[in-house]
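Just so it is clear, A, B, C and D label the chains in written order, and each chain counts residues from 1 on its own.
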C-alpha cells in the first residue's frame, strides 16, 4: 500500500535523464520530494502537470525540494520509448530529473507505478523529509494549493500523522486532463 | 514607511462590504492577513488579482488567514463610487470582506494607500501573525509562489527579520496588468 | 420582431463615444455591421466579448465592416452611468464606436435592446450590407466561426434568405459568460 | 517554388491515417484545402495549431473545406515514428485525415515539406478551389483571421491574383510556438 501516511517505497528505475548519476529515494531523505508521474503522450500531463512541475523546480531551493518526473508508461509502449522521451524532454525544455519506470514482467503496468498504486497519469506524490507520503493524488491540482502544501512540508522538520486522500474518480482511458488505468 | 519588516499601519476605512461589522487590522492580530488593494476598473485586478484573492479566501481557513480587499481609488473617482463597487462585487461574485479606502483631503490618493506607500493596483501586502509586513508587492504574483508564502506565514508563530522587495517597475497609467500612480 | 432575416431596426442612442459625430444604422448601409451589446459590469463581456469586438475592429477594413458597441444597461443603472462607462472605455483601451442605449420610460430595459428583443449581455447582431439581420445571438461565439461569418457577409453583395438562430438558453442573472434578463 | 499565387505541388505521402483510402491533392480540386504541417513533438503544434485544425474540421462542411494534417518530421526521426504518431493521434483525439510526408533520401527534410519550401512547424497552407496557394504561413495564426480567410476562399469560385506573405522570422530550433529548420 502507498497511501498517505505510509512510508514511500523505493523507486524501480531503468534509466535517469536530466541528471549526471542515478538517484534513489533514500538518497533524498531530509528533503521534500515531489514525484510527478506522467506519460509523454498524456494530454493533461503536457498541458498542465509538466509545466507545473517545471515551475516548482524553478521556484524552490533544491536543498529543500527535489522534483522528480517518473515516466510510467502503461499504454502505447512502442510509441513512448526512451528515445522518444529524450526527444520530448528536449523539445519541451524540461530540466528537472526524470526517471523511466521499470516495465513490468507480464504486466502492462510498470513497477513503481504499481508499488505506489497509482491510478493513471498525471499523478502527484508528495513525500516529506522523513520519507512519508503526505499527498497521493491523481489529476489536476491547483497551483495555489500545491504551493501551500510544498511550503508546509518544507517548513516541517518532523512528520505528523494527518492524511488527506484526494484521488480523482475517472473512467479508464484518456480525457483532456488525465489518462487512467482500466 | 511601510516596507517589509515594518509594522503594518492601521487601515483608514470609510465603509465595509461583505461583512456584518467593521474590521480593524488590530482585531486580526494573530492571523495572517492578505491585503489586496484594487480598483474595480483596473483590468489586471479584474482578470488576475481578484480571482486569485477569491481563491485564497476559499482555500484557507479563516482562522489562519484573513483576505481583505481594499478599494483604493486614485483615478476616475466619479466612476468608481461605492454604489458602482457594490454592483461590481455582486456581478463578479466576490465574497471576501472589502474595505473602501478613505479618500484623501487635498489629494487624489486615498489615505491607506498613501500610508502603505502603494504604487498602484493591484498591490498585495502580506502581514504576519505579529502584524509585520512580510510582502509588499505591486503587479502580478504567481499562484504557486503565493500559496507557498501564505503557507509559510501560516506555519510561522513568531516573526523573523528577513525581507524581500519585489515591487514591479512600471510607468504611470494602466497596462493590462497594473494601474500605476504618477 | 428582430429575428434573422428581418430588417434591423434603427438604433435609439443617447450618446456616442469614441466617435466625432453621431452615427445611425441607416448611415452605415452598404457596410456589414457588427453590433455588440454589452454592459460594463458583465463579466462575460469584459473577458471575452469586448476583446473579440476590438479584434474584429482592428482586423477588418472599416469600409467593409463597422463594429459598434451598444451599452444596454438593464441592471445596476446607478453604477453603469455614462461617466463610469467613459472611465471603463479608457482603462480597457476600447477604440471602436460605442453607443449608449436610450433608457426605457417605465421600464428597466433600454429602447434598442427591447426593439431588438435581446435576451441579455453579451449579445451579438450581424447586419448585412442591405440592413438585414443575419445573426442574432446571445452568449459566447467562437472566433473561428465569427471570422467566417464576417467574411461571408463582407463577400456578399446581395442579401439571401437563410436564417440561423443560436440564442443560448440561460436563466436570468449573471454567470461568468452572460447576464440575462428575467 | 511554392509561394502564394503559384500552383500547389502534389503531395508525396508514405501513409494516410484517419482515412479509408489514400488521397491526392488533385482529387480535392474544387474544394478549399487547409494543409496543416506539424510534428507530434512540436509544442506550438500541440498547444495551438492542431486544436485549431480540429476546430476547422469540425466547423466547416467537408464539401467545401478539406483539412489535411501533414506530419513533416525534420528532427528526432527515431522518436516521431508512424507508430508513435498513431498513439499521438489516438490520445489527442484528432479526427481529420493525416498524411505522413515521405522522408528525403540523403536529406533530413521530407519531400513535401521541401517541395513547399516550408520553414518549420507549424506551417499552414491554404489552397483555393483551383489548386492555387493563397496563404503560406509559418507560426501561429489568429482564429478570427483564419475563419475569415477560409470563408473568403470558400465563397470564391475563381482564383484571384493577390498574394500575402506572412512567414514568421525565427531562429532554428523549437520555441513554445514553432520548430524551425536550420
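Odds and ends about this structure:
Here is the rule we go by: a contact is a pair of C-beta atoms (placed from the backbone, for glycine too) under 8 Å apart; a residue touches a chain by one contact, two chains touch by 3 or more.
None of the values given here were measured: they were computed from a predicted structure.
For the pair subunit A and subunit D, there is no chain touching both partners. Remark: rotation between subunit B and subunit C after Cα superposition is 180° (nearest 5). The centroid of the Cα atoms in subunit A and the matching centroid in subunit B are 35 Å apart.
Between the Cα centres of subunit B and subunit D there is a gap of 49 Å. For subunit C, residues touching at least two other chains: there are none. Chain contacts here close into one cycle, and each chain has exactly two touching partners. Across the whole structure, chains are in contact as follows: A-B, A-D, B-C, C-D.
The touching residues of subunit B, when paired with subunit C in their complex, are 41-43, 46-47, 75-76, 78-81, 83-84, 86-88, 90-92, 174, 179.
Those residues of subunit B whose C-beta lies close enough to touch subunit A in the complex are 52, 55-56, 59-60, 142-152, 154-156.
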